[in-house]
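In the two assemblies presented below, chain A is common to both, partnered first by chain B and then by chain C.
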Partner chain A sequence: MIDNGLLVQMLLGALLGLSVYLPLAAGQLSLATPAFYAVGGTLAALLSTRWSGLGATADGGFPVPSLLLELVLGGLLAGLLALLVGRLVLRLQGIYLAIATIALVEIVRVAILNLPFTGGAVGIFAIPQPFHDASGYLLPALALLALAGWICQRLEGMPLGRAMAAIRGDELAARCLGIDTTRVKLTAFVLSAVLAGSTGALAAHFLNTWNARQGSFDASITTLAFVVLGGSRTWLGPVMGGLLLTALPELLRPVGNVRLVLFGLVILLGPVLAPQGLITPALLERLGGWNPRGSAEGRQEAQP
Partner chain B sequence: MIEALLQLLLNGAASGGVYALVALGYTLVFSVLGVINFAQGALFSIGGYLTYLLMGGRIGVNGALPGWGLPGGLPFALALLLAAAGSGLISLLVERVAFAPLRRRGAEPLLALITSLGAGVVLVNLLQLLMGAEGYAFPHGADALAGLPDVLVIGGARIRTIQVLLLLISAAAVLALSLWLERSKGGRALRAVAEDATTAQLLGINSAAMVRLAFFLSGALAGLGGGLIGVSVSLPGPYFGIGYGLKGLAVLVLGGLGSVPGAIAGGLLMGLAEALVPSDASGWRDALAFAILFVVLLLRPSGLLGRRTVEKV
Partner chain C sequence: MTTAPPPSTVISPSDLRRRGALRLAALLAAGIGALAWLGRNTDPAAKPLAAGPISLGAAIAFTGNANLYGQDQRMGLAVAERWAQQSGTPARPVRLQLEDGASDEPSAIAAFNLLIRQGVIALIGPTLSQQAFAADPIAQRQGVPVVAPSNTAKGIPEIGHFISRVSAQSSVIAPLSLDEALRRDPAIKRVAVFYAQDDAYSTAETAIFQKALAARGLPPVTVQRTQLADNDFQTPITSALQLKPQLVVLSVQAVAGGNLIRQLRELGYRGQIVVGNGLNTPNIYPICQRWCDGILIAQAYSPELNTPINRRFQQLFRQAHGDRPPPQITAQAFTAYQVLFEAIQRLQRKGGLSGVTLGQARANLMAELLSGTYDTPLGPIGFSPAGEVLQDRFYVAEVRMDPGGRDGRFALVRERRLQESTP
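After this line comes the complex of A and B, so read on.
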C-alpha cells in the first residue's frame, strides 16, 4: 500500500501545499508555486549533473552535504525570482494576481523547455542519488516539512503573521492601521517561493529526472487542490490536503487513471460543500484544545 | 518579400480571430458577474471534439468506446454550429455547478475562479477518458471545404483556404455578437445586467436568465473556436483547449477586462505578434502571450481599451 516512495511524495505534496498557503494567509491567491518549484528543481538538476557536479561520484552517488547546499541554493534562487516578480505583481489584486501568476508559470515552463542548457523536452536525467533507496529521502523531506510548519506556527504569533491575517481580513483597513501591506505580501510571497524552490531541489534528486513538465499549469491546479481540500485557515490544512491528495490517487490506482478528475472534483465541489476545508480552527479546538493560532490572545478568545 | 509578409499577416489574423473568440467568451461572463470562467479552455476542447464526432469521426483505440462514431456525418458548417451549441449547453451546466451555488451563498467572487478551474479540469479529463489522449485529424479534410481549392492566392501570397475561412467565420461571429449586444433588446438587457444587476432586476429584466444567456454564448464562442482550430490544424489531445484558454486570458487582459472592442483588438494584436516571431525562435512563441500579459499588467492594468475603475471603500 503505502511504501517509502509514496511517503516521500506525500511529504513533498504537503510542502507544496504550504507554499500555496503562505500567500493565501495574506489574502493573495497565487498560483505561482509550480514556477518556483521548477526553478529550484532545475537548479539542483543542473548543479548535480552538467555544471559542477558538487562531488557526484561516477556510480551515480551524491554527497548529502551537497544535497543540503542545493536545497539552500534552490530556495534562494526561487526566493530571488519571487522578490523581483513579486514587487511587480503584488500591486495587482484578486483575479489580476491569479492571472499574472499563471503567466509566470507558463513563462518559466517555456523557458525551461527552450533554454539551451536544460535538456529541452526530455529534460535532465540520471540525477545522482544521495541515498541508496527512497527511504533515505524521508528524513530530509520530514525535516523540511517540520521546519516549514514550525515557521508557519511561529508566524501566527509574530507581528508579520498578524499583519498577514489583517490583510486577509481587509486589505484597505490593514493599510489604514499603518501596516506596510506591500512589504508583508512580498514577504509571504518570497517565503512561499523559497519553500517551493527547496522542495523542487529535493524532488529533482528523488525523481531522478527533471523536465519542464514538472512546473506546468496542471501542477498549479494540483497544489491549489491541496489547499482547497485541507483548508487555508491553519497551516495544518494544506499539509493534510497535500498528504491525502498525493496518497489517494495511488491508493485508487485499481480504479483507473482518474487522478485529475478527482483533483478537479475537489476544487469544483470543495468551496461549495466545505468552504473552510477539512481542517478548520474549530475542529482543532475540539480535538484536544490545541490552539492553532498559538498565541495567548487566541487562547483568551477561545475561553471567554 | 511582400508576399511573405502578407502571408504572415493573414495567418496571424486568422489565429488572432480565434483568440478574439475565446477572449470575448471571457468578456461576456466577466461583464455580467465580474468573475472569470476558467472552464473556457475545456469548452474550447469540447467544441473541437464535438465537431470531429459530428462530422463522422471515430473514437480511437485508447478511448472508452474504440471505433465508435456517429452514423453518417454532417457537413462542416452544420457540425460546427451544433458543436458550438453543444459547448454552450455544457457551459450552462458549468454555471449551474460551479457558479450558481457560490452566488446564492454570496461567497467571495474569487472562489468562483477556483470552482470553475475545477469544472474545467473535470471536463477535460472526462473528455480524455472518452476519447483517449491521442491526437485526431479530421475525417474529411479538404472535402469539408465544399469544393473550394486547398490554397488560395491572394495578392501573390499563397494561403490555406481554411485559414481564410477561419478569419471570416470568427469575424462574422464577433461582428454578429457585437451588433446583437449593441442593438437588440436582449443585448441591451444583458448590458444592463452587466452595469447593475439589481437595478436591471427592478426594471423588469430577468437577471438570472441573462446570466445563463451570457454563459451559453460564452461557451458557444469557445466551442466555435475549438471546432475551427480542430479543422484547420488538428486535435492534438483533449488538453489543447487549455492552452488557448490561457492565451485567451492574456488577450483579455491586453484588451481590458470587460471590454468587447478590447477583446477583439487584443486578439488580433496577439495573433499578429505571434506570427511575427521568427521561426528559429518558435519554441518561445508560447511564452510571448504571457510576456505581453505581464507588461500590460504592469504598465496599464486596465488594458488597451478597458475602463479604469476607481476602488471604493
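After this line comes the complex of A and C, so read on.
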C-alpha cells in the first residue's frame, strides 16, 4: 500500500532519474545530479529558514508562492553552476566525465559540510511547511514531472533533441555534420542541473531538514540505477525506473529483514533480463501501434 | 518490381513511438492519480480507539551505517517486551510493531508514515538525530507521541510538544569523563582532539568537549578532522603525535573510533584516551581489541547500578544474549519502551483510553508521559514540559579488556549526580 508520502518520494525519484537521463540522451554519462540536487535543496533550506521576506510563519507555515519562487531560484542557481562547471568537464568523455562529475558531487558535499552558514553535519532543520501533509507536495511534484516530461518529449522533434541523439550516436560524425557539439552537450547538462536543482528545493521542504548527506556519491549511483533499470533510450524509462526503485524497498517491507537483499536482486536481475531497460523504443512502438480493434485497422484510421 | 505503399498510409516509427510514449505517460498519470486517491487518508486518528492490545511503533535502523546502534536497540526493545509480559497482567496489553527506519532521512519518514497509518499510539525512534529532524515533524503534525531512545543532538525536543527523548544530551554527559582523566593526571596540559566532521553527532559532541576543555584552561593543541567512513588515520595521528599530547579526546562513531584507538596505540601513543558516546557500545571490542584497554567514557547507563529494575533488566538481557552486560543504547531503548508502557497503564487506569478516538488517546498519552516519573535501568528519570529527559545519575566507565583482548567490559569508575537536572 502506497501512501502519499511515499508517492511524493517516488515522484522525486522520477525527477532525479530524468535529470540523469538528459545528459545521457546526448551521450554524456554525468553523475553530477546529486550535486545540483544538493545545491537546490540547500538554497531552499537557507532561504526558507533565514530570510523572513519569504513569509515563513512562526508556527512553521510557508506560503506556496514562495515555494514556487524557491523552485525557480534553486533551478537557476544549479543551472548557473552547471554552466560554469560544464564548460570544463564536458571536454571529458565517458568514464572520465563520470569521474569528474563524481568529484563535483564530493566538492559540493564537502563545501556544504564546511560552509559557516549551512549548519555543518547536522544541517538545517525546522524547514517551514507550505502544506499541512504530504499530499500537498503531490501537485508541485507532479507538475514539475509533467513539465520535464513534456520538454523531453518535445526535444525528440526539436533540432536540439535531434542533435543530442546524433551526438549520442557518434560525436565525431555529429561534429562533421556541423553540429556545435559543445553547445548541445552543455545545454543538456544545464537542463539536467535545473531539473535537479528544482527537485532539491522541493525535497528540502518535503524532508523537513537538509544536510550534506542528501547529495552524496551513493545518490549518484542510486539515480544512475533508475536510468539503467528503466531504460535510457526514452524519457519514460528513467521516470519508470525512479518510481519503481524508490517504491520497491518500502513495498518489500512485509518480507522483513531480507527486503534489501531482494531489492539488490531486482537491481541485479533487471539489466540481465532487460538489457535495454524496462521501457524501450520498441516497446513504445508496439504500444503506439496497438489497437484493440486490430492493428491493421488502426493503421488505416491513422491515414490523413 | 514491388510497389512500395505510399508514405501516407504507414505511420513512421517515430510517430508510433510518440503515440506510444503519450499513451504510456497517460497510463502512468492515471496510475499515479489512482495511488494518490487511494493513499489520501493516511492517519486513522479520527477513528475510535480499538479495544484490545494497543500498538506501539518503533522505527529503528536495521540497515545502513547506523545499524550497529539499531541492533543494540532491537535487543533492548525485545527485552522490554519480555519484561512487560512477565510483570503481571497489564491493565492494557501493548503490542510492539518494529519497522526498519534505515539510516537515511527518506526511510525514516516512510517508516514513521507507515506506522502512523497502521494506527500506533506512539512511536519509538528514529536512531539518528538527523533522521529525527526529518521524521519527527511528521509525527508532531499528526499528533503522535515520539520517544527518542538515542537522539542526542541539540534541538530534538524543541521540534514540538509530541517529541521527547530518554537519551540525555551529550552536553550533560561528555565533560564528566574529562574530569576523571584530569583527576588521574592533574599535570595534563596538552590535549589533542579528533572528530568526524561529516557526522552530526560527532561535530555536536566535539563542540561540547572543546568548550569543556577551554573552561578547564586546556585549549586543545590540535584538532584533527576525520571522515565518517575513514578507516585509516595514520596522517591525522602522526600530525597530532608530533605535538606530544598527554590526553586524546575522540568524538567519532563506533567502527571508526575502534580503528582510531588501535592506530593511536600502534603508532606509539601511551597517554589517556577519553571517548564520546559514539563508542558507547561493546561492538568496539572486536575492532580495537587489547588496545581498547583503559579508555575513559562517560555514560548515561551503568550495568553496575544496583536497583531492582536494573537487576531485572540485566537478568532478562543475559537470558537472551549470554553472559555479558547490556550496552547503554540497549538500556535506553528498554527505557523508551518502559516509559511508554507505564504511561499507557496509568492512563488506562485513569480511564483516559476509553471512549476516545485514537487522536485523543495519543494526546492524552503524551500528557501522561510527561507528567510521570519512572524508575528505569538508567536510574530515576522524568521529563521536562518540553520533553527533555531529566536524569541525575551519570557514570564514568573505563574499558577493561580480558587478557586475550577479545572481549571486555565497561567498568564503573565513578558515579556522578548532577543536581540541576533532578527529576
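Quick notes
Going forward, the second predicted complex is superposed on the first by the 265 of 304 C-alpha atoms of A that agree within 3 Å, B and C clash if a C-alpha of one lies under 4 Å from a C-alpha of the other, contacts with A are read in each partner's own complex, and residues count from 1 in each chain.
Simple rule for what comes next: a contact is a pair of C-beta atoms (placed from the backbone, for glycine too) under 8 Å apart; a residue touches a chain by one contact, two chains touch by 3 or more.
Remember, predicted model here, so these are calculated numbers, not experimental data.
In the overlay built on the shared chain, the residue A:209 is in contact with chain C alone; chain B does not reach it. Of the two partner chains placed around the shared chain by superposition, neither chain B nor chain C is touched by A:64. Once the two complexes are overlaid on the shared chain, A:260 sits against chain B and chain C alike. Contacts of A:224 after superposition on the shared chain: chain B is touched, whereas chain C is not.
Touch criterion met: A:249 reaches chain C, while chain B stays clear of it.
Contact comparison for chain A: of chain B and chain C, C touches the greater number of residues.
Once chain A of one complex is fitted onto chain A of the other, the partner contacts of A:11 are limited to chain C, with no touch recorded for chain B.
In the superposition on chain A, A:2 makes contact with chain C only, while chain B stays out of contact range. In the superposition on chain A, A:147 makes contact with neither chain B nor chain C. Looking at the shared chain after the overlay, A:113 reaches both chain B and chain C. Touched by chain B in one complex and by chain C in the other are residues 113-114, 257, 260 of chain A. Listing the residues of chain C that touch chain A in their complex gives 8-11, 13-25, 28-29, 32, 35-36, 38-40, 42, 62-63, 99-100, 104-107, 109-110, 113-114, 117, 129-130, 133-138, 141-142, 153, 155, 159, 197-200, 202-204. Across the complex, chain B is touched by residues 29, 88-89, 92, 94-96, 98-100, 102-104, 106-107, 110-111, 113-114, 172, 217, 221, 224-225, 228, 257-258, 260-261, 263-272, 275 of chain A.
For chain A in complex with chain C, the residues that touch the partner chain are 1-7, 9, 11, 60, 113-114, 120-123, 125-126, 129, 132-135, 138, 142, 146, 149, 153, 156-157, 207-209, 211-214, 234-236, 239-240, 243, 249-250, 253, 257, 259-260, 279, 281, 283-289, 299-300, 302-304.
The residues of chain B lying in touch with chain A in their complex are 35-36, 97-98, 101-102, 105, 107, 109-111, 113-115, 117-126, 129, 242, 246, 249-250, 253, 257, 283-284, 286-287, 290-291, 293-294, 297-298, 301, 311, 313.
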